[in-house]
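Common to both upcoming complexes is chain A, partnered first by chain B, then by chain C.
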Partner chain A sequence: MTLRPYLTAFGLQWKIGLRYRIAVIAGLVAQMWFGAVTLMAYASVYHAAPDVQAPLSLRQAMTYTWIQQSLFTLLPLGCLPAIGDAAKTGAIVYDLLRPVDMWNWWLSATLARLLGNAVPRAILLACVAGPLAMLVGLGAWSLAPPADMAAAALSLLSITLGALLSATIVMWWNILTARTLSPLGSYAVGTPLAVLLSGMLLPLPLYPDWIRPFLLAQPFAGITDIPIRIYLGTPIPGGAVTGLGLQLFWLATLTLLGRLWMRQTVNRLEVQGA
Partner chain B sequence: MQPPFPAPDAITVKNLRKTYTVREGGSWRGKTREIVALDGISFSVPKGQIAGFIGPNGAGKSTAIKILSGILRPTSGEVQVNGLVPWTNRVAHVARIGVVFGQRTQLWWDLSVGEGLALLRDIYSVEPERFARNRARLADALDLGGIMDQSVRQLSLGQRMRAEIAASLIHDPDILILDEPTIGLDAPSKLAVRAFVHELCQDRGTTVLLTTHDMHDIEALAERVIVIGHGRILADSPFEDLRMTTLSERILELDFHGTPPELALPAGAVETARAPHSLTITFDPRQIPAPALVAHVGHLSGLDDLRISRPSIDEIITRFYADHAA
Partner chain C sequence: MTQPPARTLSALGLYRRMAGASIVAQLRYPGTFAIQAIGNFVTTLLGFFGIWSLFRRFGSIAGWDIGTVAVLYGLVNVAFAVAETLGRGFEVFGGEYVRTGSFDRLLLRPRSTLLLLLGHELRLRPIGRFLQGAFVLIAGLWLAPHVQWSAVLVLPLAIAGGAAMFLGVLIGQAALCFITVEGLEVVNVLTYGGVEAGQYPLTMFGRWLRRFITFVLPLAAVCYYPALFSLNHPDPLGVPTWIGALSPLAGFAFLGVMVLIWHRAVAGYVSSGS
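Let's turn to the complex of A and B:
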């Protein structure tokens, strides 16, 4: 077994992701805008009720929002565009004609596409919302540095797991696309789930007490919410280890079940014809 | 995995059956119905042969091609390609075949042809020297020099098809499966594709299985035609044999500078059309050989010119399908 085909699939999608520079700039502007609006909303809510003991301080909520915005393209919103196109045109049969492990082949491409989209945006937005905002005197609204060195290191590890977890969830959307021969379903299911459950709409720590354990335990929390909590140093019940453990648990579970689902899907394609 | 039977041929197919289950009515309680796509076909293709695989739409050609490619599982029957069972040894099997689906693209729209080939090199783990050799050879034979650096989305259909064929051969497959490789191509591109496939077979001994609706592809390339209809093999023979058994008649056209005379024709020949200055006679060469018929009409007064022709391959196939209600 050689790694080369998988590295090649990764390299290809990474390149495609980087090719759309205008989209990076446009996305950056949109995310700055959404970030700023969200921040103003938090500021007025927090100032309106200064006595309430919120699970996140205003400063933490702002930092949460900036990181969340900078990682927006890391979310599993739908299938890999290349797989969606291939499903529509029927070129997906060529994927069955390659001497490769289909799961690893698609996963490499998916991970590369997510990272190729997210990494440049994340770095740019972090620079603008962090050091640049402080320099121009908007320090109170800026992205705060990590809680401490350990938080920095662990959140880096955690975001790596988050990217893998997101790619694994996208694999489920890819399989759904291969089954229905259309990418639409994956977006219809994926986008609301990912936006809501990842904490993009409202940070998961700000939900009511009774629902928070469930929100933390579901797989979408592992993409950005857990890495951000570790970065902020806000308590996760059981500590950072629980967060990393949850990520690993979902990564393993979704990979195992996803591979089974893929096996069954390929069998079905083989039985009913693509 | 041990092959279930020894197979010296490149492709061996025995009693291959494939049925699809379709849901009718589309509602929750829709009844299901079985459609028989392949109803027990058997054939084999020796190494280095070009076999044409033809049949009307819906005859089962694509189903058979998909099974041989390893992307479809039959309901029953035995298949060996290169000594492997396609659907049980998928990865090993697909590494040794090349496939072109004429209506789909295997190249990457965002990449240039050269980048696409390099990507396939990595997918098939082709060693660098072998890749360089194959790339140069294919670029030369398929005239890809000028388009190596163009992105696939900018290619014309003819250029793209040549690139597709190169893509299917970069890993030196023993067997090449071409599913309608000339569909939509202009005449020069068709001729280029045919010439290339012919050479490939001659020089490298590649076994080729070809499906097409263009009967000239078959005439130019295939040593043998397998005609499939209603999921069964209707004929499996050299093309000349099919011609003899289906539509052996020939056509004699006579031009006159006056009104054509009334003729008493020998048995086996009939007048089929009459125009102010010409006559068309259809005859069966087994009953009346062409020289005898020409001798019979050669002395007619006012005869300017005569031509003998055979029915086109399209007419033969149309007749064959009609005879078999395919």
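Let's turn to the complex of A and C:
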């Protein structure tokens, strides 16, 4: 088995993600705005209720929000745009004809697209929200450093798994798109699920206590929530091992089931166009 | 000898026809429409679930009861849904009219460009946001302790003023496209970001943000002050309550300024050619 075709697919989508520099700046401004509004809301909520024992301190909630904002484009919001177009025009047949494993082919393109979008934005926002905010005297509002060296190393490993997991979930949206021949459904389903279940809307540890175990156990928590918890050093029941274990479990399960679903879909795929 | 046209439609009649055609077109695919409207409803309802979870954990949002916050949330979402329904033509203006040069065709027609762009599409999808905003608004009025009877007059005025303000933002965004050609996503800070900021009480924010959403974008005038007036809730910052009965007019003033800017921008339009 040769890796080259998959690396090519990866490289192509990675470059597409990096091409839109103005979009990166625009995204940065939008993320700073949403971050600022959310942070001010949390700050006044925490200050008004000083004796409530929250699972996250205010500083941790702020850091959580910054990391979450900077990784927004890493979330599985919908299918890969190129596959959406291919499904609409019927160009999807070309993918079927390629002598490559289609799951890996699409997965490498998807992963590159997510990383190409997310990595520049994350680095930029981390610089603005971290050191720069410290310099201009907004230290209390800034991105806190990781809990310790071990947390830093483990969260790096965990976010790598998170990116893979996100790409695997996008693969499910891709198959849904190939099945329904339109990308709209995947966005209608994917965006609300990803925004709520990944902790983008509200940090998962802040939800009511009875629902928190379920929120931790579902696959979307593995994308950004578990890496951020490891980074902050906030307790996960069973420690970082549980977190990484959950990520690996979902990665394996979603890949196996996804491959089955893909085979079934490809076998009875009807293609639009001539 | 050329005959003068027997009958020209009034502006309202013309708009009604364009809107009717647009509605028929959207209902051609009832399944897609239903999925999108439901997706819209669920996405926006989840937004309120996040706020509700904060209430569950902290008891109040910085001393504000859930009724007041629900009224704010409902007001801003209903107003934005109305603007989104009417202003789709301005939202897609850069990509669909300026870049392609098809704005030239609109200029040849003996009608106001604003009217023609309003008629681009009467979008039905925001009905999801509208319904859930109205639902939260009514629930908030039911929960809040001191609802005034005058709310029956002030809240519709506030919704109209808010819709005018968001429509003004969309028109301003379209006017900006004459310079930038493609639409800039930064403007989303004022639309989606405005909705995000409008759903929290004004006092939660830092001074720079308070000033921005009071004097630059009159968001507080169409949302926060009318809500205080309707609920007979004194303003912690000391602004007299009666202001809220008149302040929604600022939304119309904002729309007026944006229309002036639009006419300026159209006068200086240079086609990109086709």
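In this section, the second predicted complex is superposed on the first by the 269 of 274 C-alpha atoms of A that agree within 3 Å, B and C clash if a C-alpha of one lies under 4 Å from a C-alpha of the other, contacts with A are read in each partner's own complex, and residues count from 1 in each chain.
By our rule, a residue touches a chain if its C-beta (ideal position, glycine included) is under 8 Å from a C-beta of that chain, and two chains touch if they have at least 3 such contacts.
As the structure is a prediction and not an experimental result, all values here were calculated from the model.
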Quiz item: Quick one: chain B and chain C on chain A, clash or fit?
Solution: fit
Quiz prompt | Partner chain in contact with A:202 - chain B first, chain C second, else both or neither | solution = second
Quiz item: If you stack the two complexes on chain A, which partner ends up touching A:16: first (chain B), second (chain C), both, or neither?
Solution: first
Exercise. Figure out whether A:132 sits in contact with chain B (first) or chain C (second), or with both, or with neither.
Key: neither
Exercise. Once the structures are superposed on A, label A:256 by its partner contacts, choosing first (chain B), second (chain C), both or neither.
Key: neither
Quiz item: Can A:192 be said to touch chain B (first), chain C (second), both, or neither?
Solution: second
Practice problem: Could you let me know whether more residues of chain A are touched by chain B or by chain C? | Solution: C
Quiz item: Looking at the overlay, what does A:150 touch: chain B (first), chain C (second), both, or neither?
Solution: neither
Exercise. Considering only touches as defined above, state whether A:40 meets chain B (first), chain C (second), both or neither.
Key: second
Quiz item: Does the superposition put A:49 against chain B (first), chain C (second), both, or neither?
Solution: second
Quiz item: Considering only C-alpha centres, what angle arises at chain A between the directions to chain B and chain C, nearest 10 degrees?
Solution: 90
Quiz item: Once superposed, minimum distance in angstrom between C-alpha atoms of chain B and those of chain C?
Solution: 11
Quiz item: So which bits of chain A does chain B touch that chain C touches too?
Solution: none
Quiz item: In their shared complex, at which residues does chain A touch chain B?
Solution: 2, 4-5, 7-8, 12, 16, 19, 89-91, 93-94, 96-101, 267, 269-274
Quiz item: How about chain A: which of its residues touch chain C in the complex?
Solution: 22-23, 26-27, 29-30, 33-34, 36-38, 40-41, 43-49, 52, 54, 182, 184-185, 187-189, 191-192, 195-196, 201-202, 206-208
Exercise. Write out the stretch or stretches of chain C touching chain A in their complex.
Key: 32, 35-36, 38-39, 42-43, 46-47, 49-50, 53-54, 56-63, 184-186, 188-189, 193, 196-197, 200, 203-206, 209
Self-check item: Of chain B, residues touching chain A in the complex
Solution: 20-21, 63, 66, 69-73, 87, 90-92, 94-95, 97, 99, 101, 103-106, 108, 110-111, 119, 122-125
